[in-house]
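You will see chain A twice below: alongside chain B first, and alongside chain C after that.
Entry: the complex of A and B
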C-alpha cells in the first residue's frame, strides 16, 4: 500500500514537471515511460475488442433487427422477443435442457465424490485410476459421442443391447426412443465430466485436517457417521463450486445432441443451444438465434445467482 | 481382515468404473482392425485376420489426415500466440500503473464470464464481413480472442508472485523494459506459461462448435469436424470400419498428450478454483 502511495506521489511530481515542458518533450517522455504498454497492450486489446466484445454488444442490436446475410436488414423492434414467448418449441427446448440437468448434475457430483473418496482412502494404484477417470475429460466430445453412439445402437446387435440380452432384457431403442434419448445423452456427459469433479473433490478431501477424524474415532463414530458429519459438510465449498460449473455446463449441452440425435426423436433432445444453432445456422434466422442466446444467458445468470445465495453462504468453514 | 475386505470392495468399484471407460475404447480398437463385413456380422467377436484397410480409408478417403494437419496448424499457432500475447498483457496489468487499468482488467474479466454461445450469431456475421469464414487464419484469430481472458488471469497470478525488486534491480543494471520482460520476467513465470499452453491445447484441439459455424470447406476442417463428418456419413453408409479407425486415430494423440502432461493437467485443473 505504502509503496503504491509513493509511486503515486512520484508520478504526481513528474506530472507537474511535465506540464512545464514543451509538447514534444512531453510526448517523448510519455513514450519512454509507457512504450511497453502501447506496444504490448494496445494491439491485443483492440483484437480482444473486435472479436469478443464487439460480437457480444452486437448480438443485442441483432435481437431488434431482422438481419439478413444477403440483402437489406431492417429494424423490427421487439418482434423477435415476442416470438420467443409464443414459440412452443423454444419452451420445449428449455424444458429439455432442465430435464437434462436433472439427469446429469446430481449423478456427476455423486460419482465424482465417490471416486474421490475411494482414491483418497489410499487404495493401491490410486494414481492409475485417477488417470483413467480423467482421460475422458481431455478427450473431445466428438470422440466420446462416436463411441457412445456405437455402444447404444438401437438395434439388436448394439453392444449395450447384447449385454442387456444376457440378462434377458429386450433390446431397447435408446437414441431413437423419445423417452430414453435424453437419458443416454446425460449418461455420456456424466462419464465425460465426473473425472474432473473427482479431482475437485479430491483436492477438497485433502484439505480436511486429519485430527477431526482422529477425534471422531476416539468418540466412537463409525465411518458412515464420520462421512455425514465431517467429510460431507466440510466439502461445502467444493459442492458449491462443482454445482455451479456442472449446471453452467449442462445448460450449454450441444455437441452430443447435434452429433447423435439431431434434436430428435420428436424434439425430445432439442436443447436450448441446439435450437439456437438450428435457428441461426440452418434456418439462417440469426436475429432470433441472438434472442435465444440472451434468454439462455439470463437463465444461467439467474441460476448462478440463486446458487450463490443459497449454497454459497459461509464458504469459509475451515 | 476387515481392512483387506474393505480394500477389495473399493477396488471392485474402481475396476467397474474403469471398465466402463476402457472397454468401449478397447472394443472400438478391436473392431477397427476387422474387415467391414465382419463388423456387422459379428460385432463382439475377435477379428479373424488383422486388417488395417479401415485406417487407410479413414486417413485419406474420409479426410482425417487433412483434419489432423489442419488441427495441428491451428492449435500450435493459436497456442503460441495466446501464451505470448497473454503473457505480455498479464505483465503490463500486473507490474505497470496506468490510467484505465481497472476498466481494462474488468473488461477482460467480463470476457471470462460471457459464454461463447452468446456471440455465435454476430461472430459469424462479423467473420463473414471480414471474409474470414472458411479460413484457418480466421479460426486462429477467434481462438486467440476467446482464450485471452482465461490465460491472462492465470498468468497475472504468476506475475504477481514475482517480487518487484527483481525488476527494479534489472532496471538499475541497465535493462530496458522489453529486456526486463524477455530476460527477467518470462523465465520466472515459465511454469505458468507451460500450464497455460497445456490447458489451451486441450480446449482448442477439442473445440467443436466455433469451428462448426466458421468452417464448411472440407479442405479446411479440423480433426473434430472431420471425425463428426465420418459419423454423419456412417449413418447413411453404415461404414463402421472407417468410423472405428477414425476414433482410434483421434484418441491416440490425446492419450499421448495426456500421458506426458498428466500430473500438470490434474493438479492444474484445481489450482484456479480451490486455492484462488
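Entry: the complex of A and C
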C-alpha cells in the first residue's frame, strides 16, 4: 500500500518535472524532433497563407463593400447578398450550371468507365487506344473547342449537319439554339475529360484481385454478372473520387461558354462562373462577383458533403 | 552542429520572405526619392537653359504592340519620344504592355500609385475611368491647341460629360466589303454597291436566289460591329451620356426589325445568333458582303484570292457606322500633369500621327495626316469613312449593358420575342443596370 503511494507520488513528481521543463528546452526538443518538417512546411504554409487564405478572407470582406479598384470603397453591409436573391440572371446561371452537371457528370463517368474496360480487356494495341483516348486531355482546350465549334456549325454545311443529312435529319442550329447549346457544350467537356476519368478507372480495375473473377467463373457467372457484382461495386472508391472531381469541374465550367457561345443564346449557356466573370471583369462589380463566388463555394461544399455521406461511406473492398 | 545549420536555414527562409514582402514598398519610395532628386537636378539644369521653362522631370508612357513587326514600331516610338524629349526637356520612359489583361494591369498600377503618366485607352474604357475621377481633364491644356483638324467623330470618344479627357491617335471605320464575283453572279453592277437598307435588301433577295448569304452577323461577339451600326443608321441611339435609354425608341426598333427580317428571310447564316465569326464562309465565297475594316483589308490584300470592293457605310435615315478610336489619356494621379498633357498633344500632332499610322496602318484622326494613304486607294477610301464612324456607346456602363442587348437580340432571332419586345426588355435591363 505504502509502496503504491510512493510510486504514485513519484510519478506525480515526474509529471510535474516534465511540465516544468523550461519553454526553451521544450522548443529545442521539439525542434530536434521536427526540424525537417518545419523547414519544408513553413515556406509552403506561408505561400498558402498569402495566395489561398488571404484572398479567401479578403473576398469575404469584399462582399460587404462596394469595392472599387480605384477610389473610395464604401461599406454597404449585406446589399450585395440581398441583390443575389433578387437577381434572376444569377438564378438562371445556377440553373444552367445544374443542367450542365446533369448532361455532363454521369456521361463522363460512364464513358470513362467504358474506355477503361476497353483498354483493360486485353484488346490488341491497348496502349495505342489509351493514347488516343487520352489525347483530348493533353490537348489545349482552346483548340479542342475550336474543332468542336467547327464540327457543330449551325449551318447546312456544318460537319455534323452533313452527317445528320444522310439520315434525313434537318440541319440543326446547335450552338445557336437555346435548347441544344448547353448539351453541345456538355458534349465538348465529356470529350475533354473522359480520358482522365478513364485513367482513374483503369487504375481501379487493375487493383481488383483476379481470384474474385476466377471464383465467379467457377460458379458459372457470365461477364455481365461479373461486371455488376464484382467490378462495379469494387470500383466504389473510384466512383466516389471521380464523382467529386467531375461535379466540382462541372460547377466550375467556364471556358467552353467563354470560347463558343459567350453565354448565349439568350443566357441559355450562362453558367455561374461565366456570369461571375462577366460581373467581375466586364462590369467591374468585384464585390458582387465575390458574392457569387461564395455562393458557388457553398454549392460545391454542400454537394461534396452529400456525396461523401452517400458514396464515400464505405471504401473497403472486402 | 546540424541543429544550428537547420536553424540558420530557417532564419534565412524567413528573412528572404520578409525582405520579399517589404521590398516593394520600400523600393518604391526609394525610387521615388531618386526620381525626385533627379527631378531636382533636371529642374536646375533646365532653369538655366530651357525656354519651355515649366516642363521638367520624366514621364512614363504605356502603349501596346500595334503591329506584329516590333522593330519598325520601336523605331517609330524612338523617333517620337526623342523629338519630344528634345523639345521639352522631359525624359520619356516608354513601356510596351501586352494587350492581354490590359485593364487589370492599368487599374492595379494606378491604384498602387505607380502607374503610367500617359496611357493608351479605347472608347469604352474612357468614360468608365473618367466617371471614377481617374483621368485628368485636358481642356485647360487645349485652349490654344488646333482642334479643328481632328475628324469630328474622333472627338466623340474622348469626351465625357462635355469634358475632354484624351486626344485621339487612330481611328477605324467598319463598312461592308463585297465579294465582287458574287455581285457579278447575281447580275448586279460592282461599280454601284448598295448604299441604303432598301438597296441592300434587294441585293440580298437576289443573293438568296443564287444560294448566297447576303451578309453575316456575329451576334456571339460585340454589338459594336453588328447591331449598333444599324441602330445609328436608323437614326436611333442606345444610351445617352445623360442616362437616357433609347434602345426601344421607334427608330432603334426599326434596326431590330431590319436585322430580324434579314435573319428570318435567310439572308444571313443560321448560326449568326451565337457565331463569333464567319471567316471560313466568307473565304469560300458563300457570303456576298461582310463587315470589315483596315485589318480585313490587309488580310484580303495579302491572300489576294477574293476580288473585292468596298462600299460606303450604309444609310437609312443617317449614314453611320462603327469604328473604334484609340486615344492617349493622362491619369489624374500623375505626378507630372503638365509634361504628360504636353506629350499627349505632341503624340497626336499631324507629324506624329503620320509616323504612327504609317507603321500601324490605322487611320489618322487628323485630316491633314490622312495624306499618308494618298497612293493607297483602298486605305484612303476607308479613311474617308471615319467621319461616319461612331465609337460605340460612350457611357461608364457601355460595356456592361452589352450582354443584355445581346441576349434579347438572340431571343428575338430565336423567335421568342418580337423586335419591340426584345428592345423593351433590353431597355429595362439597361435602366436597372445604370440606376
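Keep in mind that, in the parts below, the second predicted complex is superposed on the first by the 265 of 318 C-alpha atoms of A that agree within 3 Å, B and C clash if a C-alpha of one lies under 4 Å from a C-alpha of the other, contacts with A are read in each partner's own complex, and residues count from 1 in each chain.
Following the convention adopted for this analysis, a contact is a pair of C-beta atoms (placed from the backbone, for glycine too) under 8 Å apart; a residue touches a chain by one contact, two chains touch by 3 or more.
Predicted model only: the values in this text are computed from it and were never measured.
Student: Given the superposition on chain A, which partner contacts more residues in chain A: chain B or chain C?
Tutor: If we count touched residues of chain A for both partners, the winner is B.
Student: Touch check for A:204: first (chain B), second (chain C), both, or neither?
Tutor: Touch partner of A:204: chain B, not chain C.
Student: With the two structures laid over each other on chain A, which partner does A:307 touch: chain B (first), chain C (second), both, or neither?
Tutor: It touches nothing on chain B or chain C.
Student: After the superposition on A, what does A:297 contact: first (chain B), second (chain C), both or neither?
Tutor: Once the two structures are laid over each other on A, A:297 reaches chain B alone.
Student: With the two complexes superposed on chain A, say which partner A:178 touches: chain B (first), chain C (second), both, or neither.
Tutor: Second partner only.
Student: Is A:35 touching anything from chain B or chain C once the two structures are fitted on A? First, second, both or neither.
Tutor: both
Student: So in the superposed three-chain picture, is A:265 touching just chain B, just chain C, both, or none of them (first/second/both/neither)?
Tutor: Touch status of A:265: second partner only.
Student: For chain A, which residues lie in the overlap of the chain B contacts and the chain C contacts?
Tutor: 35-36, 69, 150, 281
Student: For chain A, which residues count as touching chain B in their complex?
Tutor: Per the touch definition, chain A meets chain B at residues 3, 7, 11, 34-37, 40-41, 44-45, 47-48, 50-56, 58-59, 62, 67, 69, 111, 114-115, 118-119, 121, 123-124, 129-143, 145-151, 157, 159, 162, 191, 196, 199-200, 202-204, 207, 238, 241, 248, 252, 254-255, 258-259, 273, 276-277, 280-281, 286-287, 289-290, 293-294, 296-297, 300.
Student: Across the complex, what residues on chain B touch chain A?
Tutor: Touching chain A from chain B are residues 7, 10-11, 13-14, 17-18, 20-22, 24-25, 27-28, 40, 43-44, 85, 88-89, 91-92, 96-98, 104, 107-108, 110-111, 114-115, 117-126, 128, 141-142, 144-146, 148-149, 164, 177-178, 181, 202, 205-206, 208-209, 212-213, 224, 227-228, 231-232, 240, 243-244, 246-247, 250-251, 254-255, 257-258, 262, 265-266, 269-270, 273-274.
Student: Please output the residues of chain A touching chain C within their complex, sorted ascending.
Tutor: Touch residues, chain A against chain C: 31-32, 35-36, 38-39, 42-43, 46, 68-71, 150, 153-156, 158, 171, 173-178, 181, 260-267, 278, 281-285.
Student: Contact residues on chain C for chain A in the complex?
Tutor: 3, 6-7, 9-10, 13-14, 17, 103-104, 107-108, 110-111, 128, 132-134, 219-221, 269-276, 280-281, 397, 399-400, 402-403, 406-408, 410-411, 413-414, 416, 433
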